[in-house]
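Note that chain A is present in both complexes that follow, paired respectively with chain B and with chain C.
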Partner chain A sequence: MAIARGSLGASRAGYYLYLIPGTLGFLALVLCPLIANVGISFTTWKGIGKARFVGIENYERLAQDAMFWGSIGHTLLFIISMTVVPIIIGLILAAVLFDYISKQFGEGLSSFLRAVFYLPQILPVTAAGVLWGWILSPIGITNTVLKSIGLGAVAQNWLGDPTYALPAVSAVIVWIQVGYCLVVFMAGLARVDPSLYEAAELDGATWWQRLGSITIPMLMPEIFVVALTTVIAALKVFAPVYVLTAGGPDNATLVPSYLTYYHFFTTNRVGYAAAIATLQTLVTIVLGIVFIRMQSRQSEEGA
Partner chain B sequence: MSMLRRLGLAAGLSTLLLAGGAQAQDSKTFNIWWFELPDSAEGVVWQKALDEFKASHPGVTVNFQQKTFIQLQKAGSMILNSNQAPDLLEYNKGNATAGLVASQGLLTPLDDTVKQRGWDKILNDTDLQLARYDENGVYGSGPIYGIPTYGEFVSVFYNKDMLDANGLKLPTTLDEFVADMDAFKQKGITPLAMGGKDTSAQHLLYTLALSKADDTWVHNFQGLKTQLDTAPLLYAAQTMQDWVNKGYISKDATGLMDPDAANVFTSGKAPIYVSGTWNLGAFASTIKTFKWGQFLLPTPKYSVGSTGNLWIVPKGAQSKDLAYDFIGLTLSPKYQTELANEGGVAIAADPSTITNPVGSTAAKLFTDISSKGGLGFYPDWPVPGFYDVLIQKTAGLIGGTLTPQQFVDQLKQSYDEAQQNQ
Partner chain C sequence: MANVTMSAANRAALSRSPIQRRRPGGFGRWLVLAILMLGLAVTLFPFLVAVLNAIKLPTDYAVNGPVALPRSFSLAGLATFWTEVDYSRKLINSVLISGLVAIVGVVLSLLNAYAIGIGRVRGGRKLLVLLLMGIMVPQESLVYPLYYMAKAVGLYDTIWSVIIIFSVLQSAFGTYLLSAVLTAFPREIIEAAEIDGATRWQVLWHVVVPVLRPTLAVLGTFFFIWTWNEFLLPLVLLISNQNQTVSVAMGVLQGQNSTTEPTAIAAASLLGILPTVIFFLIFQRTLTKGVVVGAVK
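Take a look at the complex of A and B:
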């Protein structure tokens, strides 16, 4: 017995050893910067030189900063374009590919289309963003095409007009996000028993009825996972905004991450930038907890 | 596998993970960065100078890295505060950039070198105004921390063929300039190309402001001396929005960057583009189908412009003498003349040696401005982050979401806050 217990202990210790690189990486790249960030948020600091402790001054300022609250408002809209719309489109597309295309036209076409929809996820956001910048430029492809087919009145200064800039950036983000939702949903559909669909079809259920009664309920776990990850992504969205509009025009597309970046790198108000980042992290964590609670409650009900 | 070997593996992986960017330094290498584009006059001439440098320093490994303005604008202070800084780099002049890093002790003071190498005979006090920063990082006094080798200024670029075709003369006053724009508009041509989410918009705005500004205003504004007196800026904002309403500037400008606007000009779609001399090299090489020229919008004294970006030597540079050798090359008569002949704005070229009309006009206009002490600098200089504020707010002004009064009020808010907290 003694020998057996000893070898068990040694093998456990062996497992822990392999955790060291990851733990050190987590400490160096996540935990320490996070703690440092909270610390810096209570100081005024130019990024170099000495930091001066100022207590909660940065947070008081933040509470009255119209730019910050504006950026929070835009984030709520980005939750729609990064989470709500892609999930709806993703669900419909996944159901179409799974329940119609692959039945009528075969697996090959369905897999090909799935890959096509996923492509924007593989493209680097910066490259895609630069391309969309050209496409949506006032002298870009969209407007040139619209004008050449006699729809000149529809042509807009997509990224330069505050009325259209936020919807235009949102549309690009939807284009990026749909592939992610689609792939997860299709993976989820693969474990749904096909006989459910067959039975429903025999009973005369329409395609929309099958979507509502089989596809969506069966995909609830996937929908929760996708909603959680995309809401977090929406809360910290940066790259598309940076590449497409740099928060403009006149801060119409400003988001908290960009505001953090702006204060960190251009006004050199590092303490204030840290306060924004800290608040943003808190909101993200709270929302994350809420979602995970809802998800576990849902899966308990399901079981 | 023994415990020891597992531990070794774990330790090795951890070190690998943590030792991201350590770099060996060697006194026989010379690391140099600049962000002037390869086809700009400075880029072309510095590359030639670097070739000569390599030939005259055979034992030295030269590592050149092309950076972008934005890279160093955003991350420059952090790079200079690390051990990753090169031996010599081009850096944006001004309080918020060179001034900030100078005041933090990250740069090598160059006063002794300037005397030893005789650069004080090439550059006069006005040229060195933006090379000096005091302990608060404010330009104008204190040690020399950087060496300018060229000048720059904002002027009007015009398409001579389009002016001729429409029977228009080159304007000499602001009224004539407006009359010409109106004539183009009557013929259905939007006269002014503009990057409304880039610098050309704020440069036109500041040019217009300087047409109503005196010594005191410029001195106070650039020096962050008092709260912002918005009168000249209000005039500029009203004028600019008026020009948008009259169709001299398209509202679509807010969707364009400067390179887009420059394309509109170089492709002959718009006859006028107000921007800086940094375009000269590209215009000289890309405009083939029409004659073009530049003139200064008339102002009482000040124009938007300054001495060029600085060569700076980081405090921890390993090869400072090599850095000084290269600065000396770029200041030498040979490369100053080459710079003017490439269409650049030479700071110290002998006019009689310049053969390129573009470079000679630019050198003459720069001398006109600097000889009367009329370098008004740039509108974003006084306040860190003002550059982005100006871009956001001018876009609002052009797009019509801000009235001129709201525009200046919002600028004043940023400016006064920085003024109080300096």
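Take a look at the complex of A and C:
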């Protein structure tokens, strides 16, 4: 017995060897940089020479930086285009494809449509950005089409006008995000017992009533996962802004990630940029803890 | 959560009941279909205009506008972009980086998950939570130290820096996923192999890996496409033209809308999206099914 226990202990210890490459990599390339970044945020540093410790000065400056607060405001708006709108469209689309199209027109059409709506998700955001930048440019397709149908007055410099730039970038983000929500929701619907829908139909429930009383309640776990993951993604929006507007015009589409990049690599205010990145990380970690709590609660319920 | 939904999807796929075909007449169903087709058109519109205009002559574009069907046919725009940015080079870089990250990332994930899921090492759960945090952390808070480190060790502006960094970043997610799968792995199989005298290393490669192969393939597919589309770190780490990826090459085209010929931009964006569209057509099933698993990204 004692021997058996001894050998079990030894065998368990042997498994630690398998953790070495992954853990070392994680320590060196994630944890250390993360801690270093927090450290840098308390200094003034140009990226070369010696960093000077300045305490929380960077954070004090941030509190008074209108560009920073502006970028936070834009992030809140991007949560609408990353999270709220795609979830609503995704829910309706998923319900239509699942509860209507696959019944009326067959499963093939439903899977085909799902795949097409998912397509924008898979593209490099930068390539999609070049494409949309061209479509939305002053002499681009949007304006050409508007003019040709007699709506020339509506034509705008979509990405170059501070009033329209943010909504225009948001529209592109919605185009990218809908597919993600749709696919996750449709996978969730596969779990729902079809007899629920049949019973509701027999009771004379309309399609909208079924959406409200069956589909949405049954999809609550998926909605929560999608909401949280897309909010976390909204806090990190970078590539679409970089490609479409570079934060402009007049900082109208500036987001924290772009501001960080700008200060790290353009103004070389490395300490200041690190402070913004640190704040972003803190908010993300808080959301991440909520996410992990929820996941472990759900897997307990599932078990 | 991820596993719950995935197994639910699998279950549904297995027990897919015969489709109930009721076809009540009326305009309702055609109206719904029409609205969906409109959504379809909006989604596909950018692809369509990219194709339409990439293959026309600039003069055709100037005369007939962007939405007209091409009245000329020319691959000159595509060819010019290809040679100007040395697109073959970008494709090779992207394939090398994404391919190696997919392989190394899967191996790292597998080793970690073997220790956590099968070995049940102490502290495994805490490590998983830490890794999950690592996945969610914005790359902005890693980018400067990584940039500095890459310069210090001489890997700055080489594809190796990107390969090493993304192998580790992707393996954080892979470990999380595979640990859950391996925790549920039937113990009897492993015990039987151990009784037969297999070492731990042999159990991993001859018992666990063969069973896990489909999951590992899905994971690798996702690592490939995620890495292909990565932007911030490659943008910072790969500055010279010859080392850039497709994604970075597209990103640095920004701001050229006013100066470049529209057909040239159409050609550039078409070439930028084409590799992933082809990839999507091949791996469509894997990608749309597996996305649920990737929900933490």
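Please note the rule applied: the second predicted complex is superposed on the first by the 277 of 303 C-alpha atoms of A that agree within 3 Å, B and C clash if a C-alpha of one lies under 4 Å from a C-alpha of the other, contacts with A are read in each partner's own complex, and residues count from 1 in each chain.
To be clear about the criterion, contacts are C-beta pairs under 8 Å (C-beta built on N, C-alpha and C of every residue); 3 or more make two chains touch, one makes a residue touch a chain.
Computed from a predicted structure; not experimentally measured.
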Contacts of A:Val145 with chain B and chain C, given as first, second, both or neither:
second
* Touch check for A:Ser137: first (chain B), second (chain C), both, or neither? -> both
First (chain B), second (chain C), both or neither touched by A:Val85
neither
By the touch definition at the top of the document, which applies to A:Val174: first (chain B), second (chain C), both, or neither? neither
Task = Figure out whether A:Tyr262 sits in contact with chain B (first) or chain C (second), or with both, or with neither.
result = first
Comparing chain B and chain C in the superposed model, the one touching more of chain A is C
*Could you say whether A:Ala227 touches chain B, chain C, both of them, or neither, answering first, second, both or neither?*
neither
Of the two partner chains, chain B (first) and chain C (second), which one does A:Leu166 touch, if any: first, second, both, or neither? neither
Looking at A:Val241 after the superposition, I want to know if it touches chain B, chain C, both of them or none. Which is it: first, second, both, neither? neither
Using the superposition on chain A described above, determine whether A:Tyr18 touches chain B (first), chain C (second), both, or neither. both
Residue overlap on chain A between the chain B interface and the chain C interface 14, 17-18, 21, 25, 28, 47, 137, 139, 246, 265
Interface with chain A, chain B side, in the complex: residues 3, 6-7, 10-11, 13-14, 17-18, 73-75, 77-78, 80-81, 96, 100-101, 104, 106, 196-197, 250-256, 260, 264, 384-385, 387-388, 391-393, 395-396, 399, 401-402
In the complex, the residues of chain C that touch chain A are 1-6, 8-9, 11-13, 16-17, 19-23, 29, 32-33, 36, 39-40, 42-44, 46-47, 49-50, 65-67, 108-109, 111-112, 114-116, 118-122, 127, 129-134, 136-146, 148-149, 164-165, 167-169, 171-172, 175, 200, 204, 225, 228-229, 231-232, 236, 246-248, 250-251, 253-255, 257-258, 262, 265-266, 268-269, 272-273, 276-277, 279-280, 284, 287-289, 291-292, 295-297
In their shared complex, chain C is touched by residues of chain A numbered 11-12, 14-19, 21-23, 25-26, 28-34, 36-37, 40, 47, 93, 96, 100-107, 113-135, 137, 139-141, 144-145, 148, 175, 178, 180, 183-184, 187-188, 190-191, 194, 221-222, 225-226, 229, 232, 235-236, 238-239, 242-244, 246, 256-257, 260-261, 264-265, 270, 273-274, 276-278, 280-281, 284-285, 287-288, 291-292, 294-295, 298-299, 302
In the complex, chain A touches chain B at residues 10, 13-14, 17-18, 20-21, 24-25, 28, 46-49, 136-139, 157-162, 245-251, 262-263, 265-269
